[in-house]
Amino acid sequence: MISVPTRAIRPACPPFPGATPAEPGTPADFVVVGVPYGSPYRMSGVHSDAANAPAKFRERAATRFAEHGNRYDFALGGTMLGDTGCTLIDVGDLDGDPRDIDGNGRAATAFLAGIVSRGGVPLVLGGDDSVPILLARAFEAASPRVNVLQIDAHIDFADVVGGIDDGYSSPVRRIREMPWIGQIVQVGARGTGSATPQDLTDAVAAGNLLFPAASVHQNGIETVLEAMDTTLPWLITLDVDGLDPTIAPGTSCPLPGGLSYLQAETLLSAFGDRHRLAAIDVVEHFPGLDIRDTTSLTLARLLATLIGRSARQKGSR
Amino acid sequence: MISVPTRAIRPACPPFPGATPAEPGTPADFVVVGVPYGSPYRMSGVHSDAANAPAKFRERAATRFAEHGNRYDFALGGTMLGDTGCTLIDVGDLDGDPRDIDGNGRAATAFLAGIVSRGGVPLVLGGDDSVPILLARAFEAASPRVNVLQIDAHIDFADVVGGIDDGYSSPVRRIREMPWIGQIVQVGARGTGSATPQDLTDAVAAGNLLFPAASVHQNGIETVLEAMDTTLPWLITLDVDGLDPTIAPGTSCPLPGGLSYLQAETLLSAFGDRHRLAAIDVVEHFPGLDIRDTTSLTLARLLATLIGRSARQKGSR
Amino acid sequence: MISVPTRAIRPACPPFPGATPAEPGTPADFVVVGVPYGSPYRMSGVHSDAANAPAKFRERAATRFAEHGNRYDFALGGTMLGDTGCTLIDVGDLDGDPRDIDGNGRAATAFLAGIVSRGGVPLVLGGDDSVPILLARAFEAASPRVNVLQIDAHIDFADVVGGIDDGYSSPVRRIREMPWIGQIVQVGARGTGSATPQDLTDAVAAGNLLFPAASVHQNGIETVLEAMDTTLPWLITLDVDGLDPTIAPGTSCPLPGGLSYLQAETLLSAFGDRHRLAAIDVVEHFPGLDIRDTTSLTLARLLATLIGRSARQKGSR
Amino acid sequence: MISVPTRAIRPACPPFPGATPAEPGTPADFVVVGVPYGSPYRMSGVHSDAANAPAKFRERAATRFAEHGNRYDFALGGTMLGDTGCTLIDVGDLDGDPRDIDGNGRAATAFLAGIVSRGGVPLVLGGDDSVPILLARAFEAASPRVNVLQIDAHIDFADVVGGIDDGYSSPVRRIREMPWIGQIVQVGARGTGSATPQDLTDAVAAGNLLFPAASVHQNGIETVLEAMDTTLPWLITLDVDGLDPTIAPGTSCPLPGGLSYLQAETLLSAFGDRHRLAAIDVVEHFPGLDIRDTTSLTLARLLATLIGRSARQKGSR
Amino acid sequence: MISVPTRAIRPACPPFPGATPAEPGTPADFVVVGVPYGSPYRMSGVHSDAANAPAKFRERAATRFAEHGNRYDFALGGTMLGDTGCTLIDVGDLDGDPRDIDGNGRAATAFLAGIVSRGGVPLVLGGDDSVPILLARAFEAASPRVNVLQIDAHIDFADVVGGIDDGYSSPVRRIREMPWIGQIVQVGARGTGSATPQDLTDAVAAGNLLFPAASVHQNGIETVLEAMDTTLPWLITLDVDGLDPTIAPGTSCPLPGGLSYLQAETLLSAFGDRHRLAAIDVVEHFPGLDIRDTTSLTLARLLATLIGRSARQKGSR
Amino acid sequence: MISVPTRAIRPACPPFPGATPAEPGTPADFVVVGVPYGSPYRMSGVHSDAANAPAKFRERAATRFAEHGNRYDFALGGTMLGDTGCTLIDVGDLDGDPRDIDGNGRAATAFLAGIVSRGGVPLVLGGDDSVPILLARAFEAASPRVNVLQIDAHIDFADVVGGIDDGYSSPVRRIREMPWIGQIVQVGARGTGSATPQDLTDAVAAGNLLFPAASVHQNGIETVLEAMDTTLPWLITLDVDGLDPTIAPGTSCPLPGGLSYLQAETLLSAFGDRHRLAAIDVVEHFPGLDIRDTTSLTLARLLATLIGRSARQKGSR
């Protein structure tokens, strides 16, 4: 395990709905942790509004769902964890040192690798889209390898932007370079974004499977699921802008034509039934841009569905 | 008829689009009436924002549709009431006495029973989800019995909450106990809500037909219509959260994945063609949570469609 | 060419994403121009919020898309203009004289006719729904005739309203009277609006092909495309309220049940592949009513798709 | 009396607090009338937000004060009109024809002259700062002459702006040219505004008495009162920006350092005691820029104080 | 002590800045307690926005001042409680039963009497302006008698309104009738409000000393202090609308011309030096109407000043 | 001159009203420059909303004042620079490197020292309250020494906070330690803030002259001016919270009872007449917290007054 010392942790108050607040290091099946800080391009990116997402999201989700922990969930056919015996904890948010941006990133990766080494599934609340790199690095020592499912309006395959190679435009290219990563499936690309024509060519050449949003709308979300490997566990990286702005407006680059709630729920729900979850991050959630908590509501329901389905699958193993 | 004296009425200003303002007691085919007050759990529930809905909804609907009373409606193939000869009046809102909560409820039921006894169809603007109980009680002396169609994200089958057995978590259970109620069909349940696993078991055991939102999305709204009895008239109780938040955000418990506008319009439109309408209530509309009148717009169009279709069916009898 | 002198032009700052700022009179394949002023019914209509749309829309679109001019667009399979050789310029907004309303209209028509005479496709940013009349008049001297595709919640077939015969309720009736207009296809009508039953009868009698929104939802947007003539070029008039309010709330008469983003994109995308574009106007965009730039985002993407597809088709001719 | 035909009037709904709604032409001591339209420089000035002020102001004032008509007013030592026997009516708002800007102005002047000729004091709700010219012209045939008290952050002594000589930058210069106007007192000038150094020189040369805001703060508002002629009646023109933005933020050019509420109330209150009121206009109120009705509240109280004091003085004559 | 059973208490979270959270019944020098519910006139008055004030005010005050408990306060020349040895606790908010309005009031009075009987000074966070009656009744068994200082834009001397004699228009009349109340001083009346001319006559006849706002502005706040009895302790009732709207906009009836911050601070500061504080209530704070927490900020500073000064005076006894 | 390389500069667009955009290094009498970045305590402090102030303030000020560059200013008795011959330029904003916080500070100081060495008066738009340290350091090589006038609600005399000794709580203590600083005058302290009792003791012991807000309100702002040395030039550091929240709400720690507009204008105006200006910074302006541009308006007027008066004094030397 990496020896970089853990930075300060801010406890989650309130915790993610249904999760138990816990100290860092506590073993559990699912571990919610906020990773607000990644690799910024500019001063304004050190603590963009996405860094407020972990705390704001929990607060908003708790307002809606906190009291419903023991309620019947129609998406699961029972309560969230039911009788799976799985445990869900929330260890709070990683803090950072404004004078050591890169050290913050190393500490985050070390922290996440610790969760993985204890057999936990990190549920990472970002942060901008440079955070997935920190998460993927946490699997360097993991066995077996992990696949990556990216849900995003953009393919994020830029190389170096303004001298930075691990910023929010580059996560999939950087992850693709990690030898411990298997299949990469990219869902939801549409319109214009961070991709030059060359980026797209590179991503395809690298073997990534692309399911642009238009293809999902035309052929159905099931085509994605059918293409996904079932032997390795998956790291899911969910950029909020992969979803349609009508259900997830709280992001900095909303684009019409994204995944509908039904498509996203079907994808994560069926994923939970058939595939193994290694980790998930939710990034590019800008809570200050949300419209009456719509994004938090959507994310809370999608995560509850994924956790519940994964717990049932895990419990049945 | 019940002898509880009628409480004060606040006239509707402006009236529901297309309705004629009228004195309480005036006979008419369709009678719009606001019932802002039900059975609160807490002090803050005596006059929650849902109690502002009747007046706010009329005001917003009038801004959009007041001048269009005589316009061609594509949902109806003519003007709202066309040449059906039906009458539509708006008698205003029931007021209440802050020191007699339960008396207010009895007065509301008596008032609604009066409309029914004069052959009218009450179009009830709630109020929270305890109001349907007051409406269903108004049919105690009615003949024939009535069925109930509930559109809601929640099954509302709690028994006693905080010592109160007729609050907004219990309407379907209470209505189920009324001997003058026939079939109960519940559409739109999803996610988590007021239901414990036992509540769900009880609702199914009681014979209620459940069409969760997921089933509607998968099998089509027509499956609901096909399951509905055609012999008895129907009381429709429309909780705003049964609809998808993208078309009806103005409610206290929005949940993604609800009925789309197309599904709701198809349901009410086909209902109007094939079934008899005994009454409808619209509840849990929190106008202070709406986003630029979206909810009022959706509700106004759905009610216009239901009224117009029902009037045509009634006129053809 | 009409000899009415051109009124003052306000330069576009910033220009439409991907367009080059240019002087009026510059020849180009596609010419963005704001026409904020039409024929008002009332004092408040002289400069309604729709008159702010050209500047506000460009400003908002630039925030989102300005830097993406050279990016890969998944809707086009390349950059916006790719290697079509087509040119896209933005000449700014027509100004007006508050003491000469009708002269402003004549000047706008003359200006647009100038673009047409130089072989350009005007991309007109309105303005209210009286602007399409000014645009259609610009084709009086054009050869061949042009067809008209209207996307709108209303059929706009009123005759004279308050003494005015060319206001926002009458554009399609006025355009229908112009001998140089061929087929008229109207898509998206629903609910109530400016149409009396007689207006509808007249529109049908005049030979207009109507595809109400309900018909699009039931039969698919392809049925519209199949009915559209392929011999003449088309003037598209896109009233923002033809789109569903969830994707285009920034309009004065939003109505649920409109065209979804997928339907609109499919329509304009396939149009670009198969039909010739003579001009397009976007009207009834009220930026002050928008919800977090949603409408601008939708319009910017639809226009980019239409321009890109039309450029490819034009380039291949 | 001028023979220009009166344009349409929109009735005041609700009326100014304490006023009786009345038909145009009804004789009364004080006549509230909205004059939303003056002489615009640009298209956007034809119906700027200031044109919404009459209706919005009445609506907001009514929410606060409507029910207090018969209440004791500490600023007056009794009810508003007390036992003065004076009458106060509200005749609504003048409408306009968008195709006849100058005719609208002539009609407004004719209408106001009618009030004056019937012995009434017009209480004019503007409109932008070109409206005072229309009001002052209404006194052409009046006897005796009238003085003018301007409360404004700007001296409004520009000559011709963009070809227009009677727009909102020129009222005091235009009024100064009217032979039937006596003394002109200007209170509240500060910071920068519409004045060039030459404008200021001209205003002083024309004999206007200037009391810049700084002079009022230093020497007291009483110095203004002492300088005011007591032989002729006064036309007061109150530009909202003359007041401090903390009490009147709803204007397009707020400037810190304006008259405080205490100064304004003292000025109008003492004016009412000692001077005769010929007319007052309130202009440059932009209700869309107000902060929680602050400006309406301030204006309603100032007008009530002025009316009540003037009524008492008039009643005692 | 009165035997009415205490209703449920909601703990304060966070507590008032500088106060220690404590169980009801804990003895202390100063006891913060929320009393959200008084005697409503209407259904909407049972839980008006004023009932949200205790929780919202604490939350907002804590955001600003929580960390400053041990900081030097320039208004006090030291920390809030300094070395006075005084204790300050916050016992939370009284809850209510929606079906027993009058019982809620009796329970509140009993609760407050308990604080008084233990030697504590209740710092009551209302609620509307009917709450002072509940507080004043708590002194029935107190010895010696207490005087009352009311700061309010209205004299609140109505008798019976809509059948209710202890609503928010009547507190001073009801308190005047209590034999255990000594001098009543009323500061800040202005404009129009709840007073008829007869109410004013009655208040003066009852011996109340009135210092309308105009008198304070003209003669100085010291004139009030000089008129206040120094032998008996004082109950202060602070209606938020007594303050000027620029410093306290969060109230339902703001009126320009109220006490400035300097006047209010001087009044409470000098009061704390010279007079004994028996209790204070802060009422008519509508947090939903506040503008960026301005009202909470003003109130928090005024209360800190009053507590600190009173503690110093008490500590020196 | 310090050899730290200058970081990138973002040009001012639009420039400060009345200033000419210019390249860094251009000599001028007054040089506007944005210094958004200081020494943060936390990640969220690297780019707090105060870092948006330079751009937002210019944008808002330009909306109000841009066109008035040549207008008569009542605060100056002429145009801003009149015939003083002084020059005013705006060189834009210093950018920063997110991975070199301390280097950013050194670069800012070097940049400011460059302005000073060319004889210019830096007009610094911050940034938080750690920026004054960077500005004061720029005078290390200046001759003669400079005095410091701080306008602030807090005395900012903390030593080390969370390991940081040059954050926003410490500027006056750090500046006091600089041997090239003469007299320090602190105006506006009130309420609670960053000061412990020991901080206050230290500040007084260090010889700082303190004029708490209460003393200004009681004794007049002239007492401050009289105490200020007239031999050395002055660096003014204006923390927005020194002003009253009614005129400057856009700050993170608003406190009632601050300097009124009249007091601030009198202070800066008389300062300009009698004292020499070496530099000024405006810090702790949080534009996202402003209420309808009130703060920008106040600051723009105060700076215009200071510049104009200083230019006149400078011109007359």
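Chains: A, B, C, D, E and F, in written order; residue numbering restarts at 1 for each.
Just so we're on the same page, a residue touches a chain if its C-beta (ideal position, glycine included) is under 8 Å from a C-beta of that chain, and two chains touch if they have at least 3 such contacts.
The UniProt protein names, listed by chain, are A, B, C, D, E, F = Agmatinase.
Everything numeric here is computed off the predicted structure, so don't read it as measured data.
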Contact steps required, at the very least, to link subunit B with subunit E come to 1
Provide the labels of all chains in contact with subunit A and in contact with subunit B. C
Trace the shortest sequence of touching chains from subunit B to subunit D and report its length in steps. 2
Interface residue identity across copies subunit D, subunit E - same or different by half: different
If over half the contact pairs have to be identical by residue number, which pair among A-B, D-F or C-D is the repeat of B-E? C-D
By how many degrees does subunit D turn when fitted onto subunit F using C-alpha atoms, rounded in steps of 5? 120
Give the label of the chain whose average Cα location is farthest from that of subunit C. E
Averaging each chain's C-alpha atoms to get its centre, pick out the one most distant from subunit B. F
If you average the Cα atoms of subunit A and of subunit F to get two centres, how far apart are those centres in Å? 43
With chain centres taken as the means of their Cα atoms, state the distance from subunit C to subunit E in Å. 61
For subunit A, residues contacting two or more additional chains: 246, 291
Select the category (line, ring, star, complete, other) that matches the graph of chains linked by touching. other
Touching pairs of chains in this structure are A-B, A-C, A-F, B-C, B-E, C-D, D-E, D-F, E-F
Quick one: in the complex, what on subunit B touches subunit A? 189-197, 199-200, 212-214, 217, 245-246, 249, 253-257, 289, 291
Looking at the complex, which residues from subunit A come into contact with subunit F? 36-37, 40-47, 51, 95-99, 101-102, 104
Residue ranges of subunit F touching subunit D (in the complex, touch as defined): 64-65, 68, 70-75, 78-80, 246-247, 261-262, 265, 291-292, 294, 297-298, 301, 304
